[in-house]
Amino acid sequence: MPKLTDTLDDALSCIRDGCMLVVPREVSGVPMAATRALIRRGVKMLHLVALPTSSLQADMLIGAGCVETLETSAVSLGEFGPAPRFSAAIVNGTIRMKDATCPALHAALQASEKGVPFMPLRGLIGSDVLNYRDDWKVVDSPFGSDDPIVLLPAIRPDVALFHAPMADRNGNVWIGRQRELATMAHAADRTVVTVETIEDRDFLDDPIMAAGTLPGFYIEAVAVTERGAWPLPLPDFYPLDAAHMAEYARMAATPEGFADYLDRYVHDKRAA
Amino acid sequence: MFMTSAPRDFRDEELLADIIAGLIGDSRHVAVGNASPIPATAALLARERNGGARPYVSLLQSRKHNFFTDGARELFDCAGQGRIDVFFLSGGQIDGQGNINLVSIGDYEHPRVRFPGSFGSAYLYYVVPKVILFRTEHSKRTLVPKVDFVSAPGGNEPNVFREGGPIALVTNRCVFSFDRRKKRFTLQSIHPGHTLDEVNDNTGFDFDRPAQVVETPAPSRETLALLRGPVAQQLVEVYPQFAAQVFGVGARVSA
Amino acid sequence: MPKLTDTLDDALSCIRDGCMLVVPREVSGVPMAATRALIRRGVKMLHLVALPTSSLQADMLIGAGCVETLETSAVSLGEFGPAPRFSAAIVNGTIRMKDATCPALHAALQASEKGVPFMPLRGLIGSDVLNYRDDWKVVDSPFGSDDPIVLLPAIRPDVALFHAPMADRNGNVWIGRQRELATMAHAADRTVVTVETIEDRDFLDDPIMAAGTLPGFYIEAVAVTERGAWPLPLPDFYPLDAAHMAEYARMAATPEGFADYLDRYVHDKRAA
Amino acid sequence: MFMTSAPRDFRDEELLADIIAGLIGDSRHVAVGNASPIPATAALLARERNGGARPYVSLLQSRKHNFFTDGARELFDCAGQGRIDVFFLSGGQIDGQGNINLVSIGDYEHPRVRFPGSFGSAYLYYVVPKVILFRTEHSKRTLVPKVDFVSAPGGNEPNVFREGGPIALVTNRCVFSFDRRKKRFTLQSIHPGHTLDEVNDNTGFDFDRPAQVVETPAPSRETLALLRGPVAQQLVEVYPQFAAQVFGVGARVSA
């Protein structure tokens, strides 16, 4: 059974410097409170896999110097513009970028979920995304004739980290339609989840709840963190904080502004 | 942007949505990615033209217009099954072979400008039968002879599995169709108020020209009624600012 | 949107002689009422894929002469003994058997779900299951060195058929934890579902219900068929009818007894 | 079945569950397939010995003791991830190399007897670290020199990916351990009331024998208390007939 805790830092202790960390896309339950805690702790040299894209989370971790390698299909603040710390890091060459395409990341995580060393994927042939990935292979499908297809090696993260609406007293976590969160947990060695609340029941006793539940035996620790996705949305529970996103986009446009942002919204909370 | 002298009773967004709805035609399932209000408008218009019955319109940003329940991978799986008929892509650069660049300008290892990334383009461009390229900015900066990075190619060698690809490129000046065999664009029509010279001057790639240049037809009265009625109402949930600005609907304006 | 109907035969009309039909295992919502309707109609030469195993359903379809090819990992009546018509058909050589192993069938359906021509799977090497399947290939993994691995060609059924607790007015079907039903529907060209009831709401409006819902756009037809899994169980809704299963096992032990069973429980209902 | 002369205060099922619980040891996750009441009893016993904390016990037939929510494939995916530590397999035939046959007797294309099929054995036997073979019928019919059909092999060439396999074979007469390197069984202990001659006479394959033949220890008083108390109560949901028959618990007897 996972450890249930109110102490976020404790739950995050298995996320070590240099580990491979997988996180979900900007609308699937991004663990922003946990991200701020990791920045406060000063985690370093992460291999960050954003499944399949990211926004604020990757930008902040990169800006704060936590990331060595980034593997994703896109980083953007959406309607709030480009992701400034990501773009600067690429132009300045301060992170290693492994550009991917969305279904390739899903498939590579599913390979680990299924315990196979690789997954095939259509598309990609003729794109520079493939040309710059020497870890991806093109083979001739044994079921076709002259039918080249890409094989993607499995991605097996050390830790999966996400935010979800609720857990039950046995550490089962309700993820709803965000089923890529289950795949992340299946693929990773360990999974840490932050939740809005812990309910005093067992979701698996209720077939309707069970359908959207990730069983606790995949999970290392569950930390209660109210509004843990803020300022990003938690689907069906709260929307994105547009005013804050606009403020971030404005402040993070320069390194100095980004440092001010961290002082105001991240390090400030160390006392809390 | 449109320099027309005659009085007009439609907005640029309505013209573009009308064109794109025509390209969508009668389809089963149209999916629209994030931050794409005009394609979303077009997809909803195409559905209203069929009495609301089809196509299924998945607006990936929406909760209400999103029918997927198998996580973020379902759009791609669904497209791989051949169930997504129409999708929209764009590019920081688009070239005359239909290649799109969503990654960077300059050398990939040491770029001058970095864009967000390729998203699902390197897959969806191959498997969705009708991909409509949409880029309002029609300039030599965006429409280039050769993209700096091929996020997804417009065409492939014949042995490469490919059931989809670009069918057209819609800009703020004109519509190009795309010939997959020749891997070339053909000018299809020029929007009211724009000229062939202007298109020639602002396009960085070579393209085929018909003998007679046609003007993009203005939206019909029926189309405008659908756009400003049921379509505008449905847009409020996903694109409140756009719906308010273009159609004057929706109570609150918030992001 | 799928066709909603009370007329089972109408919903089943797309299941033609000779088609590849995929059905779920004995505890995941077996469409038994639909199976009896298919036997009454006299469907022939089915390529039946049971994902990944079957009990009463495969045995009855085989006994009634509806099956040309069977692809599955096991057919058994469980605690009620061997599946008599299946065993007899194999010993008498009246059906073509493609023996599989459970995860191979799941993976081969997932290949179609993902639009790829094959899926890799560990295990199998050195087993006769593999030796007798000339449609399965062993390749050397390009990510290992001297690392043989099996590739399974995608299974793309013409029709998926299953029974579920409920649909909504828009033809979305609640499948709960039986997520292999979603994979079946994703993989098949067409999907026909029988349900206990149709509720006058939209499951996708409710995030808790949506988590266990297969969207209607995958579905061809939904037919209301109360107790449509009987005498097999519908998980969380009704249990297996043990007395009936024992009666089936007894009657189906001989061809004559099986014919009597059909007369009593299948053809009898033609009038209904 | 057991021909013991001394008075016994335990049942055969209790002895077998005790042996198997010992083989399970301290594990994280034990999964038990359908129609396996004795392995289920053993798994629940192993958990009670740890105060109910671990292992997770998944009884695949149960709703209450089944933690899977990703469909019928999750057991196999989960095993492929290395998260299932112990599983149980059996066979219509089992041979001395640990090969099991769940398919047929005679020529595969024209068999004399057909069994249900291989289920997940051709996969789980490779990926689950501790597979316990369990076959109550210990005869030359079931324990054969060479199986007619290899549903899953006991061992492989060294280049074949394999992280799991058989660790033991438990019958109604004795316990064999399995040496994966040598691909051979060794007699481990003989159940009370049975003899080495009887084991020799009823085993169709060759196996290694220790110098001293040990008797399988009888279940302790603590073990019997756990079995007849909390374990029996938990069995009622999944195996009501078995729970009533062996432990006399459960109100109604129904299949």
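Letters A, B, C and D mark the chains as written, and numbering starts fresh at 1 in each.
The definition used in the following text is that a contact is a pair of C-beta atoms (placed from the backbone, for glycine too) under 8 Å apart; a residue touches a chain by one contact, two chains touch by 3 or more.
Just so it is clear, the structure is predicted and the values come from calculations on it, not from any experiment.
Visitor: Can you name the chains that touch subunit C as well as subunit D?
Guide: A chain counts here if it touches both subunit C and subunit D, which gives A.
Visitor: Determine which of the two chain pairs, A-B or A-D, is joined by the larger number of C-beta pairs in contact.
Guide: Answer to which pair has more contacts is A-B.
Visitor: What whole-number Å value describes the gap between the mean CA coordinates of subunit A and subunit B?
Guide: About 29 Å, centre to centre.
Visitor: For subunit B versus subunit D, what separation do you get between their C-alpha means, in angstrom?
Guide: Between these chains, centre-to-centre, one finds 60 Å.
Visitor: Using mean C-alpha positions as chain centres, tell me how far subunit A is from subunit C in Å, no decimals.
Guide: Measuring from centre to centre gives 36 Å for this pair.
Visitor: From the C-alpha centre of subunit A to that of subunit D, how far is it in Å?
Guide: Distance between chain centres, rounded to whole Å: 41 Å.
Visitor: For subunit D, which residues are shared contacts with two or more other chains?
Guide: In subunit D, 68-70, 77, 80, 127 touch at least two other chains.
Visitor: Return the residues of subunit C touching two or more other chains; collapse runs of consecutive numbers into ranges.
Guide: 114-116, 121-122, 147, 149, 177, 182, 210-211, 235-236
Visitor: Considering only which chains touch which, label the overall pattern as line, ring, star, complete or other.
Guide: other
Visitor: Taking the top-of-page definition of touch, could you list the pairs of chains it picks out?
Guide: Result of the pairwise touch check is A-B, A-C, A-D, B-C, C-D.
Visitor: Inside the complex, what are the residues of subunit C that reach subunit A?
Guide: Within the complex, subunit C touches subunit A at residues 107, 114-122, 137, 139, 141-144, 147, 149, 151, 153, 174-177, 207-212, 235-236.
Visitor: Using the touch rule from the top, collect the residues of subunit D that touch subunit A in their complex.
Guide: Those in contact with subunit A are residues 28-29, 53, 56, 67-70, 77-83, 127.
Visitor: Spell out the part of subunit A that touches subunit B in their complex, as residue ranges.
Guide: 24-25, 27-28, 51-53, 72-76, 78-79, 82-83, 86-87, 90-91, 93, 99-104, 106, 110, 121-132, 146-149, 177-183, 235-236, 240, 242, 245-246
Visitor: Of all residues in subunit B, which touch subunit A in the complex?
Guide: Against subunit A, the touching part of subunit B is residues 34-35, 61, 63, 68-73, 76-77, 80, 102-104, 108, 110-127, 149-153, 155-157, 159-161, 254-255.
Visitor: Subunit B touches which residues of subunit C in the complex?
Guide: Where subunit C meets subunit B, its residues are 1, 112-116, 182, 186-187, 204, 210-211, 213-218.
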